[in-house]
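One chain, subunit A, links the two complexes that follow: it is found with subunit B in the first and with subunit C in the second.
And then the complex of A and B:
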């Protein structure tokens, strides 16, 4: 039976000084043809994982398997894994065509094959007319395309990308996101992608592994990650989020009562939640409604508007509510809706299932 | 601008320009003044010259005493520079790969030490050392000694080049399937070439000019051009000495020009 698992991290750990673990007992399975993103703040261990998979960082423990074969202790040049670096790492003394030919020449492929494959790769990135340019004569986006072609030309089934779009401006970054996605789907290669940009991760990935403190906080499809974060860290890292600290009063099935100051809120418990324990209530700004629309909501409170910011298709309303300031609500500019005025009282509400009661950051996490 | 700019600093700039010119003249004049004598048709080192001729250059290139010295200088210069290049390149790469700290500073210091050791001390110690090894009076001994002198130039130059070298390129090469040696040969060395070449030329010029160590270590067959020049001045005192000096000046200036050219070309390549 052939397994669908392409890459497997089995109990991988990494420490630079022998005491602090940068990566702590990591277990992760990546499927063939999957676009998996390692997402997290800097220092969360995501890049270290990628470097261990590429072979540039030795493992402190555990093993990495590619196609069920251990590669954890193999030299990088023997792993046959394509890699795109944040700095592009194009060879400055070689033309575009020579850069792309490099992996084939290093493997001693015949000249005719090299010519044919380089031409194919240049076509894929639509840069045939620039094959004789030097990297220094290319724009950032063009350099990134060449780096991509170079990492794919030797037909690896696994390609790693380390924040490849980090140095590009916003518009170009979005264009390149789609281009990389299309190429990946067309070639059917497995991609392991590292970024700290959650929007990029949500756009591109089949699945996202959210890293913090050397551990995977949650591994899920983008929409699941966004709508059902497993803990307070994931909730705050992915998308915008209002976090309200409270204490669990009672827990019954898929509902719990949480005390916040003098108020009580009905919420949807997620993960490791217990009675009389502290929780973080997580609310997406777009899932909160204001004014008359709040009448029918499960939870309803009185708030005071402190700021209203116009954002084109929506308004950002900042409130004082539940004894907290800086509570953000996104109000769509839909027909017939009057935006609230600063200084006025307004009622605010949300449904039970949109209010997640999560284990707080630094608390007992899974 | 149509305005004539009046700059109070201008007077001082002119004065300092004049001073600089005087210093330069003082430095170059002794060399410039004797240069025409190499083209003299007479046999004496004095002005006025009786006429122009190439006879002393002809003498330089035909008389065995001079051709042998030229040949020795070339062999020693080139071999020692190449040896210094190989050692210096490896040393610089190794030092660069070391963790920053005391050990690295010490190793770097040791490689640069020949630059600061008085030549006479090196000559004396090598003389004693070589007599034990059986290297004294042999050309190989001189080549090794000059390689020691030239290595610091290569180490310093390549090390500086490595500071600007992006080590990610080596990772990229390996991720693309290149062995370590393939990556060194096709990525690191070509990019470091300007630094290596200028170190090589410095090492060559150092050997070509060097006299004290050769004086201590050379047998009668290993007379180099500078030593032959010294002997010539004492024994013959004909314009052939000046023509030999001219050849040395040309080679030294040529090497320095080459270093500058390599440097500019590598900088131009980066901007392209």
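And then the complex of A and C:
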């Protein structure tokens, strides 16, 4: 498996002013045919990474390799990388067909081949009948499809997408997510996808790199990322999360004792955790159980219900527990379960392995 | 606890915003009257202060009733003259009667008008008028010949007859170096009298050169402004607009100081040893180009900057990502986007330049004066309003033609894809 790596960021850094690092010593390997998402809040450096890979932002340090060849300092037009922009960047003065033909014409392909490939690309996005329309006459979803076809028509093996679905409404966004996934799997292209929408990232990606502060916080498959976040940032950014600050009392093997106020909690330590250091305990709302079901749990506490919200398939129960308010529990609407009443006391519990003790956000990683 | 700042699945439903509600339909009824009422003062001002005077001025190009006013009986009597035989005594009597009764001012106007078409006519007419007024009983063709023997020349009578009409093509033809031949055909005037076609062509050529120079100078300037940070953009815009706060006369005269033989530029070049004797930079074509480009550059920069600012960075990036070379990205993607700005800027610059007067007057030579100089000359100096109007009409026609061509320029592009 020597050449299964398609794209490699090797110690890449980026700074606009020479002082603040937007991207800090990034090392990342992307496999052939992989759908890799760069996920993070705005300003986390994910878009900058994509722009450096595309060649629109010069590197401040390190190098980028594509197929083991350095492209870090190559002009963008020589990188042969397809790109879908958030604004689509369809040329408003060209018809749909001319837009799709543009990369082929730029490569000086023969006319017959261009006609054939444009027809093929139009077929792929099911827009043959709209080839003579101007981009301004298309809906957002149609523009998105054309942008996709245009980025794929010259058969690049690597396609970059910069929040391509950000301008679409929710329903269309979900449709397009599946469509992009299917096209990607069918063509076998490598996709590097940037988004700040974690649901989108979880749905579409083979692997997700979570960015914050110019660094990758965690690089993992979606289910791993969700179940086993490496630090408090990832835990809070991916999915809903109850975060409880505490201090490590003792640490042995895969268990640790954490003091929260006057209580002690048994938790599963992750990453750089040390005794007498502060930690953030992370608990998924759906992994917490209430009432009689809590009797068997490793950790069990008394709580007061402050709010119960009906959500169809589940109920959201908000509790005061461990000296904090706003602790959220998702209770599935399974048969025979009575939701607790507001103002009543209730037992709350969870197992050790569902309670992750993580290094706190912004805390030292000593 | 639950981090409110980060998105989570259960809240994502709030992202499902529907399309914005359509605004209420176009307003009708009484509001239209309010709109009209608000527009009316401006419209009236425009009509009274702008359209009417210009129409009035331009009408002088073809409407020239001086002869008809001064010599109404003669004009009437000559209506059925056959042009080739000497005029009858009846015509001569009508002329004598007109000359006796004409108001002095009207007669002077008519004499000046006739003199444009045949030099010497003015003196002859006024002399004849004096003669016939002195002798009471003067009558018939012979009496006119006694007063001025040149009345025997039929060409003079033909001029009188054609000038008798209230409407004339004379001024417009003159403005285009054309004349009406005795046989009624239209032809070019002899070379020594031809003047205006050269001036018109010179005006158009000069404006074209200035426009092209401005276009090339404006491009990098506009690009710099459009791609600067907002704060710097405002500053650079201010610098572009700064010249508008200084009187045009001052700006044009300043070039005299800079460009004259012992001016700043020549002195500097001499001191640096680049030239050995002063270069003529002013009161010639070079000076006019420098001055006009200086004055007109903002008119090119502003629309192009605006057009450039409206083009998202992503377009050129997208072109590059698809493998386009820099020239392809420029000509096929970038330029078409800013084309409306380039067209507007060029038209604006050209149109303003064609009508420019002050700058060439101050820093140009005799051979660099443009059409407006001659319009001013015929209006103020020689008081030949007919010709001034005709030249203005020609200028207007050129402008309208250009506007028409501009209107034909395809409006490419349209709404862009994203925000």
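Please note the rule applied: the second predicted complex is superposed on the first by the 362 of 366 C-alpha atoms of A that agree within 3 Å, B and C clash if a C-alpha of one lies under 4 Å from a C-alpha of the other, contacts with A are read in each partner's own complex, and residues count from 1 in each chain.
Operating definition for what follows: a residue touches a chain if its C-beta (ideal position, glycine included) is under 8 Å from a C-beta of that chain, and two chains touch if they have at least 3 such contacts.
Because the structure is a prediction, the values reported are computed rather than measured.
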Subunit B and subunit C placed together on subunit A: clash or fit? clash
With both complexes overlaid on chain A, does A:324 touch subunit B (first), subunit C (second), both or neither?
second
- Could you say whether A:170 touches subunit B, subunit C, both of them, or neither, answering first, second, both or neither? second
>> Contacts for A:76 in the overlay, against subunit B (first) and subunit C (second): which applies, first, second, both or neither?
In response: both
Of subunit B and subunit C, the partner touching more residues of subunit A is C
Once chain A of both complexes is superposed, is A:236 in touch with subunit B (first), subunit C (second), both, or neither?
second
Given the touch rule stated above, what does A:154 touch, subunit B (first), subunit C (second), both, or neither?
-> both
Candidates 3-11, 39-47 or 93-101 checked on subunit C; the stretch that hits subunit B is 39-47
The intersection of the subunit A residues contacting subunit B with those contacting subunit C is 54-56, 75-77, 80-83, 85, 87, 89-93, 102-103, 106-107, 134, 136, 150-151, 154, 160
Per the touch rule above, subunit B residues touching subunit A in the complex are 166, 168-169, 171-180, 182, 186-187, 190-191, 269-272
Per the touch rule above, subunit A residues touching subunit C in the complex are 41, 54-56, 75-83, 85-93, 102-103, 106-107, 134-136, 143, 147, 150-151, 154, 160, 167, 169-171, 196-199, 236-237, 239-244, 285, 311, 316, 324-328, 330
Within the complex, subunit B is touched by subunit A residues 54-56, 75-77, 80-83, 85, 87, 89-93, 102-103, 105-107, 134, 136-137, 150-151, 154, 160
Listed in rising order, subunit C residues that touch subunit A in their complex are 1-3, 6-10, 12-13, 15-19, 312, 314-315, 317-326, 328-329, 332-333, 336-337, 412-419
